[in-house]
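Naming follows writing order (A, B, C, D, E and F), and every chain is counted from residue 1.
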């Protein structure tokens, strides 16, 4: 009697990293993956820049913008040293954890490349068999992040067809970019992942709008970050700048395609939100509105996506 | 002696689907293909939206137009679940059936895409070797269908040069579009296929006009649909709307290029119409009138067909 | 309470010309105009080539096609001598008649040009104030007509916005040309005039199809023509060829936009058909089908009409 | 000391049309314009399809979808008769009203064309000097509207640089189309006008999201519509369908670029919302987020807008 | 005797803007142009962002990076209000000044666009006849500037062939981009203009290296900026951040193609540096080294410059 | 706590060859390698053309440029006879020395090929295990060198990922080529090796600029060369030309990524410069400037490197 789409259980992990300590943060992540999987989660999402920490504007912004701030370069170096290459021992460990949990993992971190020194704001998609599906680099850093991260290109703006559905993701304020969202909708996205860090009422509006507009489930995953969680030897005044105690207060939520809350928002504490997503809901909602399908006008409006990888060095023998 | 064109035997299958059950409808279709082929048919045509059912205005129109109608989304979901992807197991099965029958099959169904959620009103052309020739998506849904189907583009407005002649097709009220008909005539169409659903006297006028105007054979294939054939648990009042018992009463017919009936019309019962089409008739008729040939004025009137596939997403690496 | 369109009375004049006598035929026409107006007709339509006669294939075709037929040139000369220039005394007389009747007249005749010797198959539109609205020359002569008439161009393929509605017309088999019909529909035609000569069942299909397809009223006006009506000194055997007694037997009809008969068909006798056309019917029908409006796809299919007058001589001093 | 942008006063007119009576609705509109202007409004917005009425799904949808519903065509005809041509006496009257009020008017209505019979869902922009700035036709009708309206093209997807700022508008669910919104943002829109009809919580999310995403003021104008306001001789059962008493309950609101309410939402009653819009707010908000400016990636994602008018008939002499 | 290139007199204007006051800064600039021209200068260069002020990291960086800083948006708005459109009254005034002085002017400012809200770091080239030659937008903002400016594209990366030689320019740290410098060398640059703001020993190395590497004259123009020069009502603590008194201390210099100083560096005071540039020096130096000429290897290394303007909106009717 | 990069000790060997005596020069080099390693050096760099001598312009240029100079061919022959093939006994000996020292060696020499007679200006990279990593041939000989050396191709323009970091090198004036430097930066270079010969103030500017621009350590290694060191039987007057006593006076230096001197410059004497390079410095500097990373615009400017080996003879049987 026809193709009934599956119902999948997802987990949004609102957690605090072990600030500026990649190995300890990965250790914590693997435990959270294991816990979520024990509760039946098939898709487990972490915040952006979970490894090794979100770079809060109050802490990092002031220091990075001021050439004269003492020791800013030391803080930057710590961040670089604790960033993640793909692939590397760090990703191997996350892949093993995914395979053990039989769950798809989406993990946010600062990425660095073996052949360069710039950092990128990246989320990694790992399949439930422990193989890397791909990654997405944030196209446009937000505000003070522009002092830390390079820009991604269109080659990572794609969705993945997985056992739990067609998933895609945008990072933090990328979710405000209409063309970026549309690039995912138009590839048949069903579950939209929005790893972010800080949150406020406007983010709640954005994620609910995305759910309705795209006819997709939205999983918004935010971070908890407290000043007291920084390394003991971190000198805020010297390295970056003064800051309030509660740097990031969460706000994770899971949204139905009709814009209603399936879980959350969860504020001011660590916690794992769970929800069962009946993918048939995506179909039901699209009868009335399908902005990349029957409710579009390709003859009038079309999106051009340059998904060719952009390399500043182009060799004749092989891609750089 | 010159080139004498072949005479081919065709079948117009006026049948009722197993309503809202894709697998059972395909099973029934394969049996009908086998029966037709046993009677010598080389080209076998089914109604539009045969899989999994025509969406009659009396039943579907009232529900879909009213946001407040309870359970409309459930009905829509059933339709989506029983729609057909191209290619898929469903089309594989039809292809095998065509190959077994050594006959060309034209089958109508609700099409869905793996990467999107909109539905399309599609007819599929399968060659007698079991290979897919192509498909045509209805350019413009009619009335309440606009609440169900997206629009096709010009890339599917073409004819196929097959062993039984140059065949093309338009779906239901597309046959009222002068420019769409002309697009097929001007590609050298010999047999014009018009899968439709409901029928009345006006359709008889239309198909006879098309035969004369285009100098083509016309095979109009209609549907039988009864209220009692809906699934037992289908709640008309709750899901869609009340309706009369005989929803679609057929009217299939096969028309000679001079406008006369070769078979049919057949009313109010299932049945297979057969006719032998002497393709030389197409040539004979064109001496007096050939609206895409000697009886045209390309210097004054020309049809522009945009047959580039329209995708709302355009990538640089490959067509979306 | 909104714009209610008018109801207009129309007359289809099925008559026989005074064969090969322009002046006498015009005299007869003026009388028929006067009679129709007396019955309330606001729009009065005559057959194609009413002045000075339709060139029936049985009579003319055989002779014209046969170079060896004696005296063919004499017959041709008579035809040329009795053809109509625009403007001329003949059209002045028709214009006066229209003004007297306060009716719009559409009249078919063989047209000749003062600066050339070719003949054209033309219908003239005269407004109810006696002013010429314009003319239409048949784009493509049919069969043996190609031995008599030149071809029209796109500059005459237009409609006229008159007190009785937006009227347009095609001559005889032009009505089989989908692109020519569409050219008129797409200009907002409400009343479609189809002056023709001979008629049979296929023409009935065509005019009813046009009415539904275009959502327009169709006035099909046919001719009565008998062998005995030829001039006494006309030597069929020598001039053209043998022929049956009843050369043209009429079949005029007036059709509603839903394809039903409002008047006629009238066979085998002269007579004037009348009908009252409620132009709101055109609007009502277009809700479901409007092939040049909401039921079209300009992004996929568009008609290019070259409506620039075509002159073989182009001068530099002014547009030809 | 630099260019300080003006503060402008705007009015969102939440009102009920005089149902199906164009002249009386225009009369009412002119009074509301006069009242708003007396209160200082420089920009006055009306709901979509204000003239002669919104076509509520509960009333119209059921009838239009059902070919068998008696008298549906009569209802459709009334709608057509009370629709608006541009230009016409109706628009002249609105223009005079705008000039008298020295205010910019945006008015929604059913538009018809003199040379065609399809209707369009159009908003008209009239400048404060009484001259028409332009119009926008809804690109894609929603649900049952697809049985009433044709589709607009890209030529009307533009903004207007007026004395009160750079204004643009989308109609009802067009506001859910990311590419349509972006087309306006990228032309420098400052005030986004969203004439709509019905409203619910999801619309509130959408308009607040649009304000933040685009960094624009949003003026959402909804309609009041009651069953009792239909003409006395309107037979719901025979013409269209039964319906609840409160057909449209408003929900108009004026939103700041930060997503907060400046006025409204106003529910269940007629009323005029006023707000003073300090256009400098648009600049302030864009420092952090400017999705068509510094927060975009034209090298990766670009929007192609086909703003060439689409005509199914293309003439050589001049645009149809 | 051959072609002896001219000797031209140039002026590097090291000055302080009237902070955040566009009109007063332009007034001051016009006076400095007049003074320089009186001393014989044919080419007069100003610092980057001279209008209405350089956005020093110590002042602006801290505030912009911290979303929580009170009144940051007010400071941003002041900047926007005092930014420059091209063309506008502001550029008209500069053009008049250039024409009066019969000198080429290169002026740095914050640019804004009439149809958008983002700011750009732009230098404008005005010819000695008062006509605008073109502009260059900085490709990549530096550090905290990324919170203020959008990015330029390749269309402005060009040189201008003027009466005083072939001039090109890069802004501030763009001068560290090897590919950007090479893009200008390879177009035949003779005088390289490097408007910048702050300066230190590394900048001296960079400009001398550029002179030798490119075989060009380099004119580096820096800014004087003091905390006390801000508007009296500017609240550093509330609007942006504390800062040292001497924000920018100059360091302007004019360099010979052999890397030696022709004038400057000038530190800690306003002043105009003058030098006479014998363009034949450019030729002399290229005998040994010509990195875009005989000392290059196009078969091995080539620079691809995408100089197509990048617009996020692309229309069919005309470039956006 | 993250990946801390190593600190490595390097040696820049400023020495004089045993002029025109390959074996004795190699002997001397091996001793210098042994000495440097005893002082802890892990990376030991020699000048360009150390074996068997730099071809100073004062000595060689005059002769080579003058066909009439007696005995020039004899001098050229001596040079060829003392040049180095790769591999050969000479390189085997250097490899053994590297292995003994457990140090990476970069050695400059005149290279000849077994299958050709041209000479190349080559630097050889030998790993600390005595295995050849690769070589780089100077792309473009400088001035009079064009009379001695052929040109290298893009296949040798690469970096090597070694235990002491990612090293690359350019020879002498190649360091003035912006595209060549960028080719190495963009491959992730950390230590940039610049074997050269003569030196002056401009070279100091160049190497400091390279360090800052690329964010790399620069090791510039120069030569000591005296007229008296030539073979006793070398007849300057007859063979090449007169020359000053001090032909090359050194100037070696080791530069930090911020442009400051870590060692040197050393003038007018042989000597070995040592420095400890903390590779984390490369990361720290890249936060502000990374010209091949976040501070680049691959969409606007990209470098195309043809790194396919260029052979004038191409065989069909296998890649040359």
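As a convention for this text, a residue touches a chain if its C-beta (ideal position, glycine included) is under 8 Å from a C-beta of that chain, and two chains touch if they have at least 3 such contacts.
Only a predicted model underlies this, so the values are computations on that prediction, with no experimental measurement involved.
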Chain copies touching (chain A, chain F) - same or different residues, decided at half shared: different
E-F or A-E, whichever has more C-beta pairs in contact: E-F
Chain separated most widely from chain A, comparing mean CA positions: C
Whole-Å gap between the CA centroids of chain D and chain E: 46
Distance between chain centroids, defined by C-alpha means - chain A, chain D (Å): 37
Rounded Å distance, chain C centre to chain F centre (Cα mean): 94
Shared-contact residues (touching 2 or more other chains) in chain B: 64, 67, 143, 147, 151, 153, 179, 304, 310, 312, 314
Touching residues (chain side chain C, partner chain B) in the complex: 139-140, 142-143, 151, 153-154, 157, 173, 176-183, 185, 201-202, 205-206, 208-209, 212-213, 258-259, 288-289, 291, 295-297, 299-306, 310
For the chain A and chain F complex, residues of the former touching the latter: 20-23, 52, 64, 67, 72-74, 76-78, 80-83, 113-119, 147-151, 153, 310-317, 320
Of all residues in chain D, those that touch chain B in their complex: 57-58, 60-62, 64-68, 141, 143-144, 146-147, 179, 241, 304, 312, 314
Residues of chain A touching chain B in the complex: 1-4, 154-155, 166, 182-183, 186-188, 215, 280, 282-288, 290, 292-294, 296, 298-299, 301-308
